[in-house]
Structures are given as C-alpha cells and as structure tokens.
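Listed after this line are the structures, all set down as structure tokens.
There are two complexes below, and they share chain A, which is joined by chain B in the first and by chain C in the second.
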Partner chain A sequence: MTIRPTEVPARATARPAGVFRRAWIHRADYLYVLPAIVVMLIVIAYPVYYTIELSFYNTPPSLQLRDKIFVGFDNYAIILGSDVFWQVTLNTFIWTIVSTGCAYILGLGCALCLHRAFPGRAVMRAILIIPWVISAVAAAYIWKWIYHSNFGVIGALLVELGFAGRPPNFIDSVNSVLPSLIVVNVWREFPFAMIMLAAGLQTVPDQLLRAAKVDGAGAWHSFWHVTFPHLRGVSIATILLLAVANFNSFIVTWIMTGGGPANASHIWITHIYEIAFGRQRWGIAAAYSVILFLIVMSLGYFYVRGLGGAEKEGGAS
Partner chain B sequence: MAHVVLKNLIKTYGGYNAVNDVSLTINDGEFVALVGPSGCGKTTTLNLVAGLTSLTSGEILIGERLVNDVDPKNRDIAMVFQNYALYPQKTVYANLAFPLQMRKLPRDEIDRKVKQAAQMLDMTHLLERKPRELSGGQQQRVALGRALVRDPAVFLMDEPLSNLDAKLRVQMRSEIKRFHQDLKATIIYVTHDQLEAVTMADKLAVMSGGNLQQYDSPAKVFANPVNMFVASFIGSPAMSLVPLTASTVDGRAVLAGAEGWTLALSPLNARKVQRATSSKVVLGARHSTIKLTTSAVPGAIPAKAYTVEPTGDVTFVQAMLSGAIVNISVPPDVAVEADQPIWLAFDQDRMHLFDGATELALKAD
Partner chain C sequence: MSKIHLGCAVRRGVSTASIAAALAVWWPASAQSPVDLTKWSPEYVRSIAGTQEFDTAADCGKVTPLNYRGRVSFWYQGAFEGDPDLLRQYYRDFFATFRKTYPNIQLEDQALTYNDLLDKFRTALLGTAGPMVVRLQILGGVEFASKGYLQELKPEDIGYTAQDFWPGAMKSNMWKGKTYGIPTNNETMALIWNADLFKRAGLDPDKPPATWDDVVRYSKQIKEKTGIAGYGLVARKNAGNTPYRFMPQLWAYGGGVFDEASASPNYAQIQLNTAASKRALQASYDMYVRDKSVPVSALTNQQADNQPLFLAGQLAMMISHPSDYDVMLDLKKKATGSDAQTAQNVIDNMRYGLIPTGPDGKRAVVFGGSNMHILKPEYVDGGKVDQPAAKALVCFWTSPEWSLKMAYAGSNPGNLNGFKTKWMKERLENIKFLDVTTAMLPYGIPFPTIPETPEIMNIIVPDMLQNALTGTMSVDQAAEDAARKIRNVMSGGKL
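Showing the complex of A and B:
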C-alpha cells in the first residue's frame, strides 16, 4: 500500500466551525435547492418523524389516532421479546440472501451464455426478460396455481413421472413454503441481474481476453482472472439493488401465502403490513419499522463503504 | 527460439481475403516487421500465427511443428499487445507470474523467473504496484516482461509502441531492439510506422491489401522497392513518383513530362523503359537523389518551387512536376522561395522506374 500524504492535512482542515462558515458563504446556493428540500421534508422527513413518534404509542380502543396512548419503549420491548420477530427476521435474511445470491448467479450464467453470438440470441434474450417485465401480482397468481396442491402443474408432473405418490404441498407446508417462494422471487429477479451483467460483459476488453488465451488460460481461468474481476463494480451495484429490493419484498409473499402457514413465510414488510392494517396495532408496526430502518441503514452503510473501497481498488467499470 | 514458416496463408472474412496467400520464412532469432497501412492484413497475419484467428487455408510451422490446429497456449508463443493488456486487478508480480501459473510451474520456479525478468527489464521496484500506478512506458515494459518469463519460441508484438508518446516511443524502440539482441529472440513485430520497422527489424514484410508486397532487409527494400506501393510506403519523406511518357528523341530514349520537357535516359534506364508494357512510365526518386539548382543546368528539368519547408539541418522543397509533387532536400544555406523557378537534375544511377500500368519496378534484364 502506498500512503498518500495529502489525505491527512485535508481531513485536518475540515473542522466543524469551518463547515458552518462555508455554509454561510454559500447561503445563496441553499436558496436554490430550497424547493427540493421542502418537498423532501414533506414526503420523507415528516413520515419518518411520524413513524418514530407513533412507535411510542399504542392504538386506542376507539382506533382514533388522536387518542393514542403513550407507552414509552413498551412496543420495542414487546417486539424484541417475541419469538415471531426473530422468526420473521430469520425468514427475511434467508429470503434476501438466498434470493439475491441465486438471482445473481443465475443472471450471471444467462449473461455469459447470451454474450456469445448464436442463432436466435435476440429471441432468447427477449424470452428471458419476460419474468422481470410482467406484473408481479400476475406472476404471483400464476405461480400460486403452478404450486397448487390439487391442480398445480408441478405436482401433476411429479405424480405422472412417478417421483411422488401424491402432489406435494409446496406453499401449504411450513417446511417448503419459504424455499418455494424464493424460487418465484429468483425467477422474477434474475433477468435484472442478467441485463446488468450483460452490459458489464460488453466492457471487458477483448485484448485482455486474447492475452489470457495466449498466456494459457482456458475458459474458466479467463473468466476468473479477467472477466469476473472486470464485473466487480457492476456486480456490487447489482447485488446492492437486489438486496434492497428483497429486504423490501411484499407482493409475491403477500399474494401467494399472506405470510402463512404459521408465519413460516412472513418477511418483515408483510409482517408489518399485517400488524398495521390487519390488526390495527399502529404502534407496534411503527416500532417494527424503526427497527427495520436501523438494520437496513446500518447494512447499507457498510455496503456503500465497501462499494467505495471497491471503486478505489479499480475494480469498478 | 525457433524459426517460423508461413505457407500460403489465406484468411477470408465473408468473401473478402483479409490475408491473401502470404508466405514467409522467419529464421531463428530474426526480427521481422510486418509493416503496412491500416487494414493491410498485418495484424490478422499475426493473429493467425498466434492462433487467435482461425486459418481459412495455408500452413503455419513454428519450429518443425505444424500448429494449424494447436491452441494459442500450446503454440509456445508470447504476445505483446498494443494496449499492453495487463490484468488490471493484479500486481506487476502477479501479471508476470500469471502465464507461469497457468502452466502449473512450481511456486519457487515462478518466483525465480519473475524476479529474473523483472531484473532484466529493470522493474524490480515496480513488482508490488498495480498497472494503473504505472506510466505507459512502464506498463509496456511489464507487458514485455510477461512475454519474456514464458521463454517462448516466438515473440509476437502487435503495435506495442503506438500508444506511447513520441519521445517514449523512441526510447522503447531501442529497448526492444536491445531486448532482441540480448535474447536472440525470434520476433514478429506488427507496425504501421515504417520508421519503426526500418529502424528495428532485420527484415521487413511490407503488406498491402492482404498481400505480401516485398520481404527483404530494410536496406534492400529501401534501395530496390519492387513496386510503387513499397516505394511510396518505405522511406520518409516518401519517394516522389512522377507519371511520365516514354518516347524517343533523335534515336535516344527519353521520358517526357506533361509540361513538354524531356529527360534523356542512361543506357541502363533506357533498357528498363523498353520493358514497360506501355509508354506510361513512372519515375521514382528519393529526395536526396535529386539535385536542385536555381539556374539552368544542361540536363536539368525546369520546375517551380511549390512550398519550402526548413527543418533546421535540411530544407525540403516541394515542386510540381507533371501533376505530381516532387520532394527535394537541399542544404539550409540554399535560398529557395515559393514560386521561384528551379531546375531539377535526377541521378540516373539512383532513380527508380516503374511500369505505369502494372506499377511494378522495371528491370533492365
């Protein structure tokens, strides 16, 4: 590692007092962005504030929020003390990590396959994008039927082919519901990863691949030593976007199972939605949201820091 | 090291012959430059030798081995690319080690070879750096080192200096030349820069339109270009080519210019002109073989200075002759101005004559 001596004095000069003085010098600039700041305050800052406030109250019997009952940190204590919270959190992490990982790997595989020219490539690419462009609600209903224990295609096929005596319960069983939903989610998301990585593959310098070929690298080594490092930047961005989308997933789970059976497929958002709009427990839901917000923000913080590091490493394209 | 034989190489892209029946023999330890303008097929020829492009027909032998169907990695070649093609995320050390790792050499042997190559190219202090922390010249040296560690039978270099600035290019030119002398390496070097080719190579293979035009030592290519293309491509400034008409005046062979003047030919040149397929003959003359005078001299041709370009130690004068521009070099103390009448005397022993129809050099026998 080389130490850049300019970095240290640069940090030392950025004292807090200087920040305010500089802000005052540039006060006109803030005026220009004021309309945008006002809009942001209304649509983001206020809801965030209101959610935090609500998390310290309970819903009154009248369901009128003006009568809400202050309970301090009780809501947080209830959530952190409940088994369901830990189960849903575990579900969410499994859901996010497995979905993101599988969508990324599948997307990468498809991008690599579509990268080389073959007859019908354009048609193939169009077909592979379909899961991503069709409505999530429609896809969820279609998959609900595909998985159906009496009328589902997969169950019928397994029986016909002799793999099962009777159609398995994909989404009605506690053990198989989460993996089954993850399959649907991966199916919906992998085209996104494919498009991102296909774009990244276009930028891999041909000369570098030819150099690797002359240097004795086969297909795997060319991929591992040239292509994959080159995709580092686009991979990090893709994984970040997928992970954020998966932490915030709602449609597929809610439509296909509503979180059941026995909370086995509940993830954070569906659970919060159910608490808030199913059971009218606004305070608990708000406290839940605050906890989720803190978790995702801290994950995001480390991730963005990692992203910055990767760009400095020169891996980003 | 090994010799390389190319036999009747043809590479066709959609009906177009990018490389058209090229045959070359490159001796062991020889530095051969494939030189020609963009799109002449020189890089394609190099890629055929490397195995990065598949042959349409022909044979490639490296050493005694026919390598037509051998993978690039098994051809015992190393390649240096125009954009260096260093692995950006690897350190210099890892870049040098990569081809050896791919050959599954023992770790200590890799270490020894990498350090040896680094020492030879004077870049031991750069081993821990990443390519982006290096200058263009250093990157090119690493690329050279990566070829060197392999100890290949043949080095293939694809315009390795064209991304460097002019000063660095001259410096790296002598480094590569030294590299060749020290290693006695067989090198095939592609360039569009004729000066680079002439200064570095033992032999030039001048290409145009997918065809090999001439294959000989730089001195011979310079002195005896086989056709008008080679004549105009090799040498700087380019050889002046003046289209003239062959005729006879009082029984003596002469060349007549469009302006009405005639140039009497020596017996040898007259015999050459007799062999032309038509009366159209092109006179070729290098700038240093034309004598310029500012007053009429017997046998000299009247012309008018078109532009005058002083470069310091020599002044180039351009004159229009028979519709073509003729380049003449004069000492800087000769005072010539644009539009001034001048007289040009051609050196009969050093002039070139080409058939106006076939563009081939005319020979006396």
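Showing the complex of A and C:
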C-alpha cells in the first residue's frame, strides 16, 4: 500500500474537528462496533429508558400495563413518603456496608494466610472457594435449615454444648434476621475477595518485604507499610465490585425470609421485586429502580475513577 | 397398626342438617344454585361413588376430534415438595394419556410452583409471551379476566354444563357476569392432630379443639406439658399457605377482609380492622407471643416446613389436606433408625377433624382449588391460540375421570361427576380422612373475587400477621395498618 506523505501533515494541522466530523472520519471504526452498539441499545438503553418512562405512570392492579395513567412524580413522592422505604433503605445500607466490609476483611485474612506456603495449601484454597462456587439458591436453602429456629444445626449445637437454654431465634426475629443474613452473604462472598486479593499479593515486590525485615520491621509493620499499600488498587476494585453486587443481591434474602419478618430483611432489590411482581405496581417499582440505578451508577463512577487512580499509582511506582 | 378412625370426627360432628345450616350462612339464596349442596354429606359421596362410567376420550372427542392435528402450550401448578409422590405419578399419567389420546396434538407443558406461578405468568403476559392455556390457583383468575387477558370459557364450550361444577368454583371464574374458566379441583382443608401428644398433654386424644379459643388453650397446654409446639401457625409472606390457614380463623371469629363471608358479598366495606377481625389476630398473637406455644419458625414457615415437624413428633396440630397423610408416609420412607420409629408412631396417631368454629359457632374454611383458562391470542407467545387443541386439553383435565385423578390424594374433583366414578370409590377406600375434607366443603368460603385479591392475601394479610407477631405493631395497629393498605390497593394508589 502506498502512503501519500502530503495527507498526514494536512490532518495534523487541521483545526480541531467537531464530534460529527470526527465520527465521519472514523466511520469505518464505528461500522465495526455497530452490531455491539445496536445490541447494547436494545438490551440496556431501551430498558433504562422504559423504566424511567414507566416511573411516571400509575399502574393499578386492576388495569393492564398499556392502560397506565400518567402521574408525573407521584410515584417518587409515594416512595419517599413511605415508612417502609426508609426502613428498607436503612436495611440496604447496613446490608451493603457490613457485607462488603466483612467479606473484604475475611477475604484479606484468608488471602494472607494462603499467601504463605504450607502443606495442604492447595486443598485449603479449594475448600475456601466452595461457598462462592455453589449455587446461591442451594446455599440459601441450606442456611435456612441451619438457622431454623426449631431444628437448626447451630441452635441444636448451642443447646447441646450448654451455651443456650433453647435454640436462638435467627431469622424469625426482627432484631437478628438482618445480621443472620449478612453472615450468610459474607460466607458466600469472601472467597471472591480472597481470590482478588491473593492475586494482588503476588504483585507485592519481595525485595521490599526483605528490605523492611532488614530494617527491623515486624510482621504488622511489614503488612501495614509495605503489603497493604500495594493492595490499594485491587482493594478498591474488590470493594466496589462487592458493594455493587450487594446492592443488587437478591437470592439469599428472598429465599430465606422473603424480606420478612415485618420487612426487617427487605432490601431495595427484594422490595422492588415484591412491589412489581407481587403487587403489580410497575410504576412505583420503576421509580424505585430509577433511584437504585442512580446510586449504583454513582458507585460505578467511583469504581472507574478508583481503577484509574490505582492504575496511575501502579504506573508511577 | 394404627388407631386411625376414618372420618370419626365427621360422623360425630357433621350431619346433613348442619351442612344445610352452614350453607344458609354463606351461600347466597339469590345465586339459585342448580347444585343441591345440602345433600353433599360424606354419606352422600359414598352412596354415589362408582355409580357411573365415563369415557373421557369419547366425551372430549366430541369437542375436538381425536385425530385433530395442532399444538397447545400449557402452564400449570405442578407437584412440589409438599405434595405426595402419588400426585406426581398421576401428573405423569395425565400427560401420557393425553398424548396417547390426541397423538397429533403437540403439547408443550410447563410446571411451576404455587408461589412462582402468578409472578411468572404476569411477567409473560407483559411480554405477550403467555401460554395458550393456564391452570391457575382459584384466587388468580379474576385478576387476569378483569384485565382482559382471558377468553370467555364456559363449561358448555367443552361439552359440560355449569351444573357439573361447584357453584363456588364457578363463581371464582366470573367477572362482570361472564365466565372465564373451568374448575379443575376444589379443596377444603381440615384440622390434623397427633393423638399421642394430646394424651401426653392430658387432653382427650380423640377430641379435637372445638373452637379457635380451644386451639389457643390446647396449644398452650401441649407446650407446657410436653415442651412441644402446639399449633402449626404459618405466617410467611408471599406464600399461599398463610391465607389458607389464617382466613378460616378470621372468618370463624366473625371477621373478614371485606364481607366475603356474608351471603351476598359486595366487597365494599373493609372489615379487617373490626373487633371480630382483631380477635382473630389476637388469637395468633396469644399463641406466638404470649404463650410461645407455636413453632418460632412460623414467620418463615410454609406448610411444607410444618410437615417434617409434625412427622418428627414436634408439632401437635396443623391445618392441611388429606394428602398430608400420604406425605407423611412418603417422608417416613426417608427416615431411618429411631427416626423411622418416631415417624411411624406419629402416623399411627394422626387424626383428622373439622376445622374449629369461632366463639359463635361459626365454622369456615377457604374454598380453594384451581381453574383452567384459555388466553386471548394477542397475549400468547406467537400470537395464536389453537382453539381446538386448547379445548381438548381443558376438556381432558376437567373431565370426571381426570379431575378426580388429579385431585386423588389432596382435594376434590372440580367436575362433580368425578364423585360418581369408580376411581372415587377406590379413593374412598385408599385415602385416609377423605370424609373430613368432604365434610368441610359446605363451609368453604371463596376468596374475594376481585383483581386485588392476590396482593391482599399473599402480602397484606401476612404482613399484618408479621407486624403483630414480631411486636413491630400492636394487634390494633397491625389490623388498622392492613386495612389502610387495602384501602390504598382498592383505590389503586399508594403502597
């Protein structure tokens, strides 16, 4: 192929082109990604648009969706004026923050333990990954029976060992249900954090750890001043991924309690499901989803920024 | 072997006269039912069993020729963990027989669980991807008929008459004077108790609690004397089992969601916050909170969770179908060692009786069951309904033969002629406690036939129970809160 040298300087010296002009110049590139863009518009953009549109309509149970009634921002007002919404919001934040934090800390601890070579490490790693790879539905049913207020394994053990007079009430009490479900969620998620952080630990330079040891740093100081700073990037990514997953976590809560008792374990996603599919208030559920969408998008924004910052930092070091 | 007394409670407590009296309470005189309900005593059922032969293929062949070539898609509530193996076998037999009878109809059937069916069906309809035929729980049909998803479908359209079905069941298919479905089966539950636990608690092992106040008292006594839960309260949300067990209690105390227990309900007045309704809720509160005499797990339990508790001898009373006896036998097969012995002891001591009355002698039970519907083409996947194929399927399931067989262990045939078949005679000999639930039929009260019923029964009523039982609200507050929510639902506005 022949390149005409005169064309290159001509482009380089041209005034900054408009968006459309640049798009036209790169039209061939766009053509290549067009199928992907069309698919994304259908499966992402349209549902988002439709959800936003639906959020401005009332959809009473006695009417078909096509007979929806325009109500402006009423659905948003109904949600924000509902006591249950605020209870569910508090549940959602407790659920997300505590689950994410605990899964991260437990995952980090396990990753550090498994980072050192010891006999049976591979087997231990495989065992620890099990909660993450088994079906969430199966896990939820198993935990429901483990927690069962009359026949649960934990309750029976506590009674048998003399720690309790009768089996504790885990998921049938408004006070203990959310912490009990968080334990299950952390159990399911920590292997993910462990894998991510174990990968991150491979990037910590060995010579730095040896130098710290030479300088007299103990295990804690080596971890805090050498290892942990190197895990910053992967930690941000892990925490944000966990947080987004927890905001959208549905299976454990729905199967184990259905959001009960008395809404004590409802989180946004289960509440939206109930409003939409159980009560057929598609409009209110859509408004609810828009709110959740904005929050998750914000998290996504920080995720991308966090990743960018970590990459810069990684590049600088 | 066992000391099971077949229908002993029935013979003691039910007479044709009492049935007639009960009917007078709830069945509207204006309905002019062509079915003489007063004669439907257990004795009458026994007298007609095995008196008539039916040829399903010949009958349905008149509706849709047996050589018809077509296709039908079908969703239904299948057997789930709480059902006996016997039912699973009949489901398999049904589909095999239909395919053999109509070899040129391509049947695409999909089974869903009770709690999932409504949600999935609604979602499919939004995407105009429904099946051609659906079998829905009795409380679901009106919702979809009112929204215009269903075709009109009368018994006459498939070769039967309205007189072949229970009037209450036909009513559950009516919306604005038109009929939208055919009943497949109808059920009323009964009280089940463990006579051995009654004895150990100092109660007469053959005398069930006569009133709901007695249930509260018995439950407390059993808990105090044996340490075992008395009554199997069920208060899980989004689970059909909850309203099926709480509504009989609510109606017996004279309460209701609306006036559905009255002779001519118009569903205009909310009654969930009346003194009578609050007394019913108070009874549940007393058992769960005050006496702690029911399983702590009641808030997350369904009936399927009560069954193993009962079989393990850890529950003295519960409300359920005759099929629970078969479920116990199935579960017992899985037990080993001393567990198997315990299970056998429970089965030997299993008794069935009428559901208790309220303080004023009012007895009530949910008139349950399922109906089959044909959808309008515009809501069906592919935009077409193969009418002859759809009608063949509906005719087949609602025939005397199959409406009986598909309800063999648990409920009653939707088609009243099912009672006359030889399989009914065989069933009366094989299925324990059938008399009791047959005897409960006249006390059956249908759920309100309004589109909002699924939300009220599956969410608002369980929410009310949970709010009261967890102490989140007082009994008064929980009842008032539920009434407010129903007002909101009926006005189509707030949550």
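Keep in mind that, in the parts below, the second predicted complex is superposed on the first by the 285 of 317 C-alpha atoms of A that agree within 3 Å, B and C clash if a C-alpha of one lies under 4 Å from a C-alpha of the other, contacts with A are read in each partner's own complex, and residues count from 1 in each chain.
By definition in this document, a contact is a pair of C-beta atoms (placed from the backbone, for glycine too) under 8 Å apart; a residue touches a chain by one contact, two chains touch by 3 or more.
These figures come from a predicted structure and were not determined experimentally.
Looking at the shared chain after the overlay, A:213 reaches chain B, while chain C stays out of its contact range.
Of the two partner chains placed by superposition, A:34 touches none, neither chain B nor chain C.
Legend: residue contacts after superposition of the two complexes on their common chain; A:61 is shown touching chain C, with no touch to chain B. Of the two partner chains, chain B is the only one touched by A:221; chain C is not.
By the touch criterion stated above, A:97 is placed in contact with neither chain B nor chain C.
Of the two partner chains placed around the shared chain by superposition, neither chain B nor chain C is touched by A:126.
In the superposition on chain A, A:134 makes contact with neither chain B nor chain C. When chain B and chain C are set side by side, the one touching more residues of chain A is C. Those residues of chain C whose C-beta lies close enough to touch chain A in the complex are 119, 122-123, 126, 143, 146-149, 229, 235-239, 295-300, 308-309, 312, 314, 451-452, 454-455, 458-459, 462-463, 466-467, 469-473, 489, 492-495.
Every residue of chain B that touches chain A in the complex is listed here, in rising order: 50, 52, 72-73, 77-79, 81-83, 85, 87-90, 98-99, 102-103, 130, 132-133, 146, 150. Chain contact summary for the complex, chain A toward chain B: residues 2, 205, 207-208, 210-218, 221, 225-226, 229-230, 232, 313-315.
Listing the residues of chain A that touch chain C in their complex gives 58, 60-65, 78, 82, 84, 144, 148-151, 167, 169, 171-174, 256-264, 274-275, 277-281, 284.
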